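Presented sequentially are two complexes of subunit A, the first with subunit B as partner and the second with subunit C.
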Partner chain A sequence: MEESPRMIYLENISKEYDGVTVLSDINLYIRKKEFVTLLGPSGCGKTTTLRIIGGFEYPSTGRVTFDGKDITSLPPYKRRVNTVFQKYALFPHLNVRDNIAFGLKLKKMPKNEINKRVDKMLDLVNLSGYGKRSVDSLSGGQQQRIAIARALVNEPEVLLLDEPLGALDLKLRKEMQLELKSMQQRLGITFLYVTHDQEEALTMSDNIVVMNAGRILQIGSPKTIYDEPKNAFVANFIGESNIIRGTMVRDELVHFCGVDFPCVDAGFGNDKPVDVVIRPEDIVIVGEDIGQLTGTVKSVLFKGVHYEMMIEAGGFTWKVHSTTMQPAGSRVGISVVPFNIHIMHPMKEDESK
Partner chain B sequence: MSKFIRFIKKSYLALILLFLYLPIGVLIVQSFNAGKSRAKWEGFSLHWYADLFKDRAIMEALQVTLGVAVIAAIVSTVLGTLAAIGIHSMKKRPQAFMMTLTNIPNTMPDIVTGISLMLLFIFTKVERGFVTMLLAHITFDVPYVILSVLPKLKQMNKHSYEAALDLGAPPVYALFHVILPEIMPGVITGAMLAFTLSLDDFVISYFTTSPLVQNLSTLIYSAARRGIEPTLNALSALMFIALLILLLIVNRRTADNSKKA
Partner chain C sequence: MMDLQLPAWATWVMLAGLAVFLAMMILFIRRNHGMKRSLFASPYALWMAIFTILPCILIGYYALTDASGKFTLDNFRHFWDSNYAKNQLYATMGEAAAPFIKRGTVNVDTLIYSLWMAFLCTVICLVIGYPAALFMADRQMKLGATLVVLFIIPMWMNFLLRTIAWMSLLEDQGLINRVLRFLGFEGVQLMYNSGAVLLGMVYNFLPFMVFPIYNSLNKMDPKLHEAAQDLGCNNWKTLYKVTMPLSLPGVISGITMVFMPSVTTFFLPRILGGGNTMMFGDLIESKFLTEGNWNVGSALSLIMMILIMISLGILRKADPEGEGGSMI
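== the complex of A and B ==
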């Protein structure tokens, strides 16, 4: 993706509630037209970060700038951002059309202009003809679209979305993910998206910000985050993985499970403790005599696209995904190509970087 | 056997209702009695009702009653609604504290409220009359308004207000265009409850007004000491009917609200 100018800057943001730290020293910028996702388990501070950008919370320390201007203490109604709330927060006393027109009426826009824009929005979210309906009569998915239309009609420069798909069922959620992504690309609006669903984050984002316990652990493209997680937490949170303690013998050679494995990572020093990540789909099952490790299949689960096997080898139970099944109890060899062995610095108790 | 049990059940209920409503029934019947005697039926007549509307003292008391009830209902509705919004947005602990403060006056006997208000007015050398009675009524109405508005606030999506701000509404606009329309049913119920309670009140009014400014209940009380005029039967009958209608409306509204919730 081409580098567009930085628009929102969070500098050294910390937030405390009644002495409890929910955000500590967050530094983050968001570029124009970017789709950025804040990803983390509940309570990691992702929603608080979003609310600070929306203006619903003020940081305890640090500042927020928008196009270079300090907006840290600007109230929400003066910011050029709009929000799609977790449970939509549509106004039940207004019909669909008046819900969408709410922001435009506040701007004292002429009536026929308002009508034109509302119609365009209803069209965009595939709900033209629903204008007169009461919002309570709509399904969850439809309410979600109205909430998006109500925010987008104001032509915000940034759209903040707080787990907007959380209340929808799986199929609808997948549809809406694609729809949101294509909407974002068509309209060229910056999206800042909050979710705890790693798959959602991988599917939609240009960049993902992985958070835990009020800190940013890693920022990067979905591919970087998946292939090169910075530490065990990120590796575990994004997708499934086998994480093993090992020793970096020297550059491009790592020792774990009693065996030396060639790898492609370097710069960790010699004989240094490291964490090794191997994705379940990167482990290849081979004949017992030619594997780097040999072991026994403990259990097999059919997962639809693939089988998930737990294989005990070298004193570790490996999670392995494969389209061919090895029955439980059989002896197998496993091997991993050097490129698929990912080395990380071991995680400390209090992990900041 | 089951028929017998059903009969017992029904007569038991009938007996209770009879005890509850017989006195009022007698009163209403008596108000149509042509004669002055309470022991003898001397034919149907509306003339006590006619006399009622000609009685200056009663008409003045009616004005005072309605005046106090209307003003007290309006003022306490505004105060109570704002208070409810404030309490709702408080953090847990101060909120619990405020709710206790709100509930205490409700559970306090009227006579205690009445006497303490009287002492307050005497202590602060405020001359008792219409204004003091009005203030007293506002005082005991406000908690009821708060209690009928709060549930509506709790039902509201907690992000509604923020959504309004987000769409560019300044706080006051958001209050009138988003919060108020959503809690309106609770506000109206609160106002009607306040009005009814105010019409209904005797004890607190008695202690907070002067003999020169009487509302209907204090007037009836002082008249009763001289002996009941049949016009008072007619007056009581009318008050009963008016309050009954109001209460029915309030109950219907509360039932509707809880059904929707």
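== the complex of A and C ==
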């Protein structure tokens, strides 16, 4: 991705509610026209971070800058950002058209210009002809689109989205994911998206910020986050994984389950404890005699695209995804190519909370 | 146990009603289907019939008959002209009595005065009550919950006691005047005028304005405020463009619940107004109890009821979803 200029900076942001720390020392920047996702389990502080950028909360310490200007204590109505709320927060006393026109009317824009823009927005979200409807008469998906249109019509520089697809069913959600992504690319607006759904994050984002317990654990592209998780939490949260405690014997050689495995990572030092991540789809089932480890298939589950097998080998139960099935009880060998063994620094206790 | 002095037949009626009710509950539990639902409403229907519908019919009957039970519209003529009976007499006396035939306007004037007082009371309650409700519903204000309790506590006290308590404040030798004199000012006449009556009305009816508004504000999704701010509203504009329109059902409900009892206020003007002011409720009371003229009294009551129904209809129109109406 080409590097566009950085627009929003969060510097040393901390937030406390009644002595409880919800954010501790967040540092983050967001580039222009980027699709950034804050990802993490509920209570990790992702929504609070978004609300600080939106102006609905003020950080206890630290500052927020927008194009170099300090906006830390600026009220929401003076910020050039708009928000799509989790439960849409459409105004029930206004019809669809007036909901979308709300922001423009406040700006005292001429009537015909407002009408033109609202029509364009209704078109963009595929709801032209719904202008006169009351918002209560719309389905969840339609209300969602209206909420997006209401925010986008103001041509914000940044659109903040707080789990906007959380209330939709799976199929609609997938559709909206693609729609949102293409909308973002067409309009060239920065999207800051909050979700706890790792798949959603991987599908839509340019960059993902993984958060837990008020901290940022890792920032990176979806591919980096998936392939090179920084610690066991990220590895576990993004996709499925086998995480084993091991020892780095020396560069490019790691020891776990009683066996030395060649790998590609280096720089951890000699005989240092590490966490080893192996994705279930990276484990190859081979003949009993040629595997790096030998074990027994404990259970088999059919998952559609692949089988999920639990294989006990070397004192660890491995989760293995494969398109060919080995019956439960059979003896198999498993092996992993060096490239697919990912070494991480062991997690400190307080990060796993 | 308290000794309840009830006539024997009343006890039997009550026991019979209880038996019927219990029998139906048992039936309802044993077989949920097949029985007409409306049957279960019959005890309540009976109650309504005896204590609501029958009195209305009686009022209608008395209003349209004279003392001997004959149909007449004279009672309404009495409303329009309180000297009606006297003037009928003058009319039979020919030309000479003509100068004495004057319309007595006291009934109509009292009605207009009552409506005016009720209107003032409603407006003042709204002006005081809306900000109070805003404070109470503000989640960031720790004071809100306390304010709710402070509004509720006086309602635990009897209406009469509350009003009499005002007397001891406002009287010539009351607390306020004593403080004024102590500070070296002249005493002020606070009681026995419209102002004192209005004060009493506002004091008594204010909670009925505050709580419906408070309810509708409390129900509101706080995210709507954030959405308004997000789209460019400052605090005032948020209030004006989002909060107020959305609390309209509560406001209408509050207006209904203050205006209705205000128009029919009685007794309160006698305590705080000292007989200098009379409202329509007092007028009706005096027709029934002082003059013993049930027919004219009923006619006045009927006029009052019709006025109330008209204003209810207008308020319903303003709040078609009936959120306010459901409160009454």
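Please note the rule applied: the second predicted complex is superposed on the first by the 351 of 353 C-alpha atoms of A that agree within 3 Å, B and C clash if a C-alpha of one lies under 4 Å from a C-alpha of the other, contacts with A are read in each partner's own complex, and residues count from 1 in each chain.
Here is the rule we use: a contact is a pair of C-beta atoms (placed from the backbone, for glycine too) under 8 Å apart; a residue touches a chain by one contact, two chains touch by 3 or more.
Predicted model, so just to flag it, every value in this text is computed and none were measured.
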Three-chain arrangement built on subunit A, subunit B and subunit C clash or fit: clash
Regarding the shared-chain residue A:302, is it in contact with subunit B (first), subunit C (second), both, or neither? neither
Once chain A of both complexes is superposed, is A:54 in touch with subunit B (first), subunit C (second), both, or neither? both
After overlaying the two complexes on chain A, where does the subunit B footprint on subunit A coincide with the subunit C footprint? 54-56, 75-77, 81-83, 85-87, 89-93, 102-103, 106-107, 150-151, 154
Hey, which residues of subunit B end up touching subunit A in the complex? 157, 159-160, 162-170, 173, 178, 181-182
Sort out for me which residues of subunit A touch subunit C in the complex. 54-56, 75-77, 81-83, 85-87, 89-93, 102-103, 106-107, 150-151, 154
Under the touch definition given earlier, write down the residues of subunit C that touch subunit A in their complex. 221, 223-224, 226-234, 237, 241-242, 245-246, 248
Touch list for subunit A against partner subunit B, complex: 54-56, 75-77, 81-83, 85-93, 102-103, 106-107, 150-151, 154
